[in-house]
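Got some structures for you, see below.
Shared between the two complexes below is chain A, which pairs with chain B and chain C, respectively.
And then the complex of A and B:
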């Protein structure tokens, strides 16, 4: 399979007079056509900023993409003019957000919010767009799609709104769907349903997904590949089976230990001690060192590179340097 | 919708009764009586008693109120004490259209200038543009209407001669819409300045609130231009609270029109009100107060209905 999105050394900073926050500090992500890649990490690790940077929707003034490449389908999006970038957004790359309750415009009908994208990018007539919108709403499980077009978002539940968001995001048949915690705000039964719709639709349209989440249960269910982020950097990347079988980075191990095990005897739920470092107190060495159970001298003085492992895995940890034994 | 409107109208009744009682009482507490105004000081007491008798000025105040209110409901506001024999309703109706035209024009000016300024200011928050608009608004808020009015008359009509300094039209000339607009512009602009500053501030903060909403990010993620995002997705949301502000501004608008009409010799009910106050022409004063109250209540009702139309989340 060919590579669809290849993000290289992406850096997004929040620059103010007081300080520079390196929200995204040299991220690499690669997604193949039709593949689902999960981006995981604790709150504040820079997941949303990574996705907004890919879309070039970083809040401005303040946020700024200061370096790197976002190669998409053979061209670097960061080099495109704003006008060309607009043709990519919502059309080739679309996005759904964490907050279904507030992500739809309260004063526009569902129909308007779906058809406007089709008319803008695909130059459809009103009638064509309307028919397509009905189709899309049916695909995300609304049986009375026709009447729904005239409804306003406030009448819908969170799960229904997220389904509308999916229909909207899929309307132009994008090559990549970025889903920023699409199910976090929903209750568990609805979560499964939303994921199901996302999986089916993207499979049907051969859309690749960048799924941002901190729910490792979701990751194991839908992702092919996982990128683990910590404090603005990638600390481990792996295919999903190997990551769950044998997590390498102590941070990943910590994340996996903090999922409650459902089968077997009740395990003690372990959480990683401490918090993500604040931007103005970044450790000099490895960013995870202050919380790492396996920390040793070298970790405190310099930050490791991403070290290649077998099967294309990579890990940012001195434990896996040439000559060290995995612990 | 219809029942919502009806409910709102019924709710307005006690408000209007309250206002009428208040005006009526205040008017009677004020020093100076119509008798002392209208009759020569050297007039004999029997004439005075006859006068008071004739106009019901000796009745107990509650009785006077009930009589006045009863007639009022039937559209009879009594007769002017000064221009004897002239029905108050006729005096007001002769003047009311001028006031409504003036207010209408100023509302349009205020909207056309303030809302775009507020939007621009919000889009360029913390830039020179934003600071200039903010500074201008505060100057506008702090400067009294009559002073701006006098200044503009001095500058634009006296010095430059671009606009007439008063009246609704050039006397002794056939009706011409251009001539009317020419006369209307300055007073309407001055009246607008009072609320423009506030309206600009409200539009700015309302748009700032809207700009950081999630649905705006959704709209941007759809690939729309920033103008489409702001004007299609943002503006309607931003206008909703401004509609209410409009309703709330109406009373100050009336107050402003009194001053502006006076300065520009604009024959509206505000100008009439001042004349009547000086002459202690009670029926006229009360008539105007009541009409203004009805108009303000009506204006708020319209604002509420507009709100319900604009915001699909309102259930009525």
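And then the complex of A and C:
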């Protein structure tokens, strides 16, 4: 399968007079057509900023994409003018968010919000757009789609709103859907339902998904490939089975140890001690070193590169350097 | 294709089916809730009714008024006649019917107040939206302009402007509007500062919406409540400013009647002493109109306030 999105060395900084915060510090992500890639990491690791950088919607003034490439379908999005980028957004790449309760505009009806997208990108007539909107709402499981067009968002529950968001995001048949913690704010049964919808839709339309989450349970269910982020950098990339079978980076191991297992002995859950380092106290060496259980001298002085492993996996850890055995 | 979700947790209401009786009734829209709250407020409703009567009478002045101030005819025999069945508010020092002049004056005063408000609201909304949405330099520029304009005494600036040009109703509206937008701009900017952070704004951006659509279609309707309230209240203030200017001889010029210039011609000592009806009726109209507008404005403010029940 061909590569749809290829992010290379993406750097997004927040620049103020006092300091420069490197929210995204040289990220590489590659997504093939129809593939689901999960971007995993703690709060503050730069996941959301990565997705906003791909969309070029980094909060400004302050945030700025200072380097890298975002190759999408053969062109570098960072080189596009704002006007051209607007045609990409919603049309070729679209996005859904964490908070379904607030991501629909309370003063516009569901119909107005969906048809607006279609009329703008696909230049549909009012009637065409209305019919397509009904189709889309049926697609995400609303039986009374016709009447729903006239409803205001406050009449819908969180799960229903998230489905409307998905319908909106999918309205122009995007090639890539960025889902920023799409299920975090929903309760568990609805979570499963939303994931099911996303899975089916992407299957049907061959849409690739960049799934941003800190929920490894969700990752194991839907992702093909996983990119683990820590403090603005990628620390490990792997396909999903191997990551869960044999996590390599100590951080990934820590993440996996901190989810409760259903089988096996009941023991206290392990947590990763400490927090993601603040931008102004970034360690000199490996960024995970202060929290790493397997830290050794070299880690404190220099930050490792991403070290290629078997089957295309990559790990940013000196434990896996040439000549040294994995632990 | 997906089937309907079967097991919805109890915390989220199930999606109503087509036969749900609740659907027979139209859902309560926000507008409806606000109107219901407004109509519960007795003072506001009373103000609204009085205002409605005044506006209707002003519009239909040519049908109601016994005289047309346009055809100026002095009737010196009836000079300063007290209120009677023929002249229900008496006559002025030219023998003209005060009731007729009050009605036609209402046209001018309300028109000036309303159009100046509209102009000010539009300028203020656009300026405030741009400042609040874009922030940074645009914001600094617009807000410093607001600071500068707001730190001049308004009346003084108006007198100065009118002194340069010749006073006319049209010009008066333009001046009042161009000096009356600053508080609206501040208000709208404040609303935008918080609204632009909402997730639906980001969602609209990710869907590729154009900036002007986001500002005016997505954000502005959410800020409309405070704008409507502030604008309504400002009409009362504008009517007073118009009256003051006309009273000073800088607003509406006689023989066109306005409440303000009627008060001016009534300020003569002998008139004040011998013909109380001449200053009282225009003054009363200003008072009642502004009071009604303020009641309506207060009512709207409470109706738009989600914390007021």
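The working rule: the second predicted complex is superposed on the first by the 326 of 327 C-alpha atoms of A that agree within 3 Å, B and C clash if a C-alpha of one lies under 4 Å from a C-alpha of the other, contacts with A are read in each partner's own complex, and residues count from 1 in each chain.
As a working rule, contacts are C-beta pairs under 8 Å (C-beta built on N, C-alpha and C of every residue); 3 or more make two chains touch, one makes a residue touch a chain.
Because the structure is predicted, anything quoted here is derived from the model rather than measured.
Engineer: After the chain A overlay, clash or fit between chain B and chain C?
Structural biologist: They clash.
Engineer: Look at A:104 in the shared chain and tell me whether it touches chain B only, chain C only, both, or neither; answer first, second, both or neither.
Structural biologist: Touch partners of A:104: chain B and chain C.
Engineer: According to the stated criteria, A:141 is in contact with first (chain B), second (chain C), both, or neither; which is it?
Structural biologist: In the superposition, A:141 touches chain C alone.
Engineer: Touching A:160 in the superposition: chain B (first), chain C (second), both, neither?
Structural biologist: Only chain C; A:160 stays clear of chain B.
Engineer: When the two structures are overlaid on chain A, which partner does A:193 contact: first (chain B), second (chain C), both, or neither?
Structural biologist: Second partner only, chain C.
Engineer: Tell me which of chain B and chain C touches more residues of chain A.
Structural biologist: Of chain B and chain C, C contacts more residues of chain A.
Engineer: Based on the superposed arrangement, let me know which partner A:273 touches: chain B (first), chain C (second), both, or neither?
Structural biologist: neither
Engineer: Would you mind listing the overlap between the chain B footprint and the chain C footprint on chain A?
Structural biologist: In the superposed arrangement, which is not itself an observed complex, chain A uses residues 55, 57, 86-91, 94-95, 97, 99, 102-108, 116-117, 120-121, 152, 165, 168 for both chain B and chain C.
Engineer: Going by the contact rule set out above, which residues of chain A touch chain B in the complex?
Structural biologist: Chain A reaches chain B through residues 55, 57, 86-91, 94-95, 97, 99, 102-108, 116-117, 120-121, 152, 154, 165, 168.
Engineer: So in the complex, which bits of chain A are touching chain C?
Structural biologist: By the definition above, chain A touches chain C via 55, 57, 61, 86-91, 94-95, 97-99, 102-108, 116-117, 120-121, 139-144, 147, 151-152, 155, 157-160, 165, 168-169, 178, 187, 189-190, 193, 196-197, 200.
Engineer: What does chain C use to touch chain A in their complex?
Structural biologist: Checking each residue of chain C against chain A gives 1-5, 7-9, 11-13, 15-18, 23, 27, 29-30, 135-136, 198-200, 202-210, 213, 217-218, 221-222.
Engineer: Touching chain A in the complex: which residues of chain B?
Structural biologist: 213-215, 217-225, 232-233, 236-237, 240, 310-313
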